């Protein structure tokens, strides 16, 4: 909790190239407020990184920056080989993000929602069905409109849409929140399998035991800066 | 996870009167779906009850029923001495509920939101200020508009509004979700203090360790019924 | 409920106006919209003779379209994050919610109407005498009260549950027809359109007053049952 | 992006229409609203001679007000739960979003316009000959395309961030003025209002066609940069 | 040392240079000359009498507004064109639009005064007048979009796209007289009708155009530099905000 200098964290041998995420002194604004105030971070392929830190520290902002949803104001940032300073839009083909909101169409059914996200990214209907199955949505629920679902069922639907996308970099903002015990276990299995298959995963979470057990590495964000490599 | 009969759970000596919440075979509908399908539950003054159960089991529905927001279809239910079958609106003067949404006005500042909820229930401005302080909102944040806040900061604001209300019965739907470690500790302190002062608290949560440590008793809800008294 | 109904109603009205003051939706969106509506009318109808004749009707048509926006906005603020639920579960008297919200809507409508009348005078070259001015101001005050009450009542119904929202314009527009006619006729006399005398306008105010009183009372009584599912 | 732009655009248009089919907001809310607007006009203007003369203008005015509702609804569906963000972050080509959403808006507008023209014919007793019918159908198709494109473009800008929404009517209404004029004039010839011949209407279609082509192309190109903050 | 400050340029304390000062003096002389010619030297019109003198401000005002909006469009295009993506273009676009709104406002006001004298009314729902009003509103909207906040490049990108759309309305205004039977003057100078204006009046009109052009250039140079300074102030503010955010760690 002391020392104002941001620390560049690196996963393996510190090779400058090949990292999936590389932020150096990144500054990002919400309005005119520096939600990220010089964040530096490096994440390698196959890692499951836990972002921890107090409320308002900038976790969500960091994820949105990496997803190309928040513009980079200063510093440098590259994600999946795309330079965020110049080609922010291009990065989006590589990432999948799930934020505090679920991004669902409430008048459509579970199957229609997951199917829509799958179709956008060219997933086959078998893949879509498998994603729903993994999230426990293949039974009665698949035909129910999202507006009728409970909070946890909505979260499962959003996660299924993400799973169907099979992104290179998964950005998850409190993915466990609202899931029941079975849902949490299943989610962890899915994430571990994805990472083993070569995806990179960044999870922002306050459930330190649960997410800490899942992660291969942790860093802390405080006041818009990445503070420590806790591996 | 077996046995379809609902079990009437009682906290102390099983006295039929004086319970803060008493549901017997309560049925409540969302549209035409029986979200509660014969739930029976008794909660005594000063208890902190944890409601657990899988996604879609009916936890939120049970809380909304107790808050007078969901009509009772069948069975009997009384909360704080009010019969929900006949005087549903009257119960609202006694309860405070925080659901999956925060109930905030996004164009107003933190202080204005908390102040508004406080004013509605006749809290003094000192009480309002104390509630904000307890939730860590008394500094810079008090003048920031809710639309600018992070997810956890919004949750804190909603909780502060609830704390300022000083209800007899607190109904909390996943109150820890989104809060950081400090926030969780502070919330637990606040809830314990409220219970000690005579309030009754029902918490629905999937964070079993955290909420289990807080609760004085747990029950499980499955498929719209209260399944077991796990004390 | 620990505070009196009127105090709570005042707190709600203040809060609604504060939200508007912060977000400036009415000032920056509804008023320009209404004025643009008038401009578009002028453009589409495209004949000075017709325009002068219909100016009073257009003022009130634009008011009624705007009232739909205003009401939708007033309840969108409540439902965006579940605040209406929170307010209901906090045991707030529905009468207080109704009064508070309709006062806030009325205040905003008043500002809007002043802008519209000024626009009509400028754009359509309406003339107003002193007696006409008094009639005009009274008409605006009374019609606004009635519109705000009925709009709040049905707005609350529409906000209550999903699906019912499809009903708002459908329910509201037929009901406000008397206001449209009464206020238009009164304004025509105030503007002296077609040589109608100012004195001919006052009887219409009776209609508007009956409407305003009726819906203020009915609204206060019916709001609770209508909003609660 | 792993699917072609057109396939994605089709998926988006289908999804938007499915949402409408499920929620019936246009069928149950916007169309009755627009028809009621026409009825209210009839009330407010209250003179058959004037009404017949202005019927074509009113059809298109009602269309333009409705397009504001439709666009707001089309993007409310996207922003209610952060789906627009999700779509952007899924690497969907903005061109596909623009095309998909404007096709969906155009289809809904088309239905609406048919209802409005029927209402005009019935309420205001407009006459349509065979030649006039062909002109009318072409006008509706072309004008609808143009309106849907420009509305989707500015609707996207308005949906981008809070506060910007105050700009939608302000930005949209001046831009659609040519459509209002062109479509009104063409419809006047189709209805034979004031004895205008059908042949006089066709040149106006040129204006409408230029507008439609222009904003379809410009919209496809500009949507990405405008929507992205 | 950042993307935005690098293109913001050196902080000068004044926005003037010897050239702009000279230009300012020339413009001032031009204004005096124009007023003298417009008000005293030129004859009154056969039909319109003395009121025709309004033309020497009305017409140049409208034309220079067109020019300003076209410049806004061109510099917006220059900004969007990848290799030249520089905030200087954006600031030129913004400054030019501001001046354009000003000139369009002059034209609207003088036009309605003139209308009162010749048509007997300040305003009428004529095609030229209405389209002019819409053009004016559109650029007011453009300026509002510029002030929405966010980073400089966000502002630049949004407003550049909007400017390219808005500039398309100019032909509509110009040709509105021919598209609709308008009360307003046909294009009598730049159009295909024969020019039948008195020679001195025509000269004064051209003088007006030249003087308004000088005024435009002079205002543009200053305003553009003022905007650059404003951006610099914003950047400094951001430095402070970042420092404050970092100091939260405590």
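Going by the order they are written in, the chains are A, B, C, D and E; count residues from 1 in each one.
FYI, contacts are C-beta pairs under 8 Å (C-beta built on N, C-alpha and C of every residue); 3 or more make two chains touch, one makes a residue touch a chain.
All of these numbers come straight from a predicted model, not from anything done at the bench.
A.B. asks: From chain A, what is the lowest number of touch steps before chain C is reached?
C.D. replies: So the least number of steps between the two chains is 2.
A.B. asks: Among all other chains, pick the one whose mean CA position is farthest from the mean CA position of chain C.
C.D. replies: Farthest chain from chain C, going by C-alpha centroids: A.
A.B. asks: Given that chain A and chain B are copies of one sequence and touch, is their interface built from the same residue numbers on both sides (over half shared) or different ones?
C.D. replies: Answer same: the two copies use largely identical residue numbers here.
A.B. asks: Would you identify the chain whose Cα-based centre sits farthest away from the centre of chain E?
C.D. replies: B
A.B. asks: Taking the mean of the C-alpha atoms as each chain's centre, how many Å separate chain C from chain D?
C.D. replies: Here chain C and chain D have centroids separated by 27 Å.
A.B. asks: As a quick test, compute the distance in whole Å between the mean CA positions of chain B and chain E.
C.D. replies: About 60 Å, centre to centre.
A.B. asks: Distance from the CA centroid of chain A to that of chain B, rounded to the nearest Å?
C.D. replies: Spacing between the chain centres: roughly 30 Å.
A.B. asks: Between chain B and chain D, what's the gap in Å when you average each chain's C-alpha atoms?
C.D. replies: Chain B and chain D have C-alpha centres separated by 46 Å.
A.B. asks: For chain C, write out the residues touching at least two other chains, lowest number first.
C.D. replies: 23, 39, 43, 46
A.B. asks: Mind pulling the chain A residues that touch 2 or more other chains?
C.D. replies: As it turns out, chain A has residues touching two or more other chains at 31, 33, 71.
A.B. asks: Tell me, which residues of chain E touch at least two other chains?
C.D. replies: Counting only residues that touch two or more other chains, chain E contributes 130, 150, 154.
A.B. asks: Mind listing the chain B positions that touch chain C in their complex?
C.D. replies: So the residues of chain B in touch with chain C come to 67-69, 71, 88-89, 92-97, 99, 101-108, 112, 116-117, 119-122, 145, 161, 165.
A.B. asks: Can you tell me which positions in chain D touch chain E when the two form their complex?
C.D. replies: On the chain D side, the touching residues are 157, 161, 163-164, 167, 170-171, 174-175, 177-178, 181, 207, 214, 218, 222, 225-226, 228-229.
A.B. asks: Note which residues of chain D are touching chain C in the complex, please.
C.D. replies: Listed in rising order, the residues are 23-25, 28-29, 32-33, 36-37, 40-41, 43-46, 50, 53-54, 57-58, 60-61, 64-65, 163, 165-166, 168-170, 173-174, 177, 180-181, 184.
A.B. asks: Under the stated contact criterion, what part of chain A meets chain B in this complex?
C.D. replies: Chain A reaches chain B through residues 30-31, 33, 53-56, 60, 100, 141, 148-153, 156, 173-174, 177-184, 206-209.
A.B. asks: If you look only at chain C, which of its residues touch chain B in the complex?
C.D. replies: Result: residues 1-3, 8, 11, 15, 18-19, 22-23, 77, 80-83, 85-92, 94, 224, 228-229 of chain C touch chain B.
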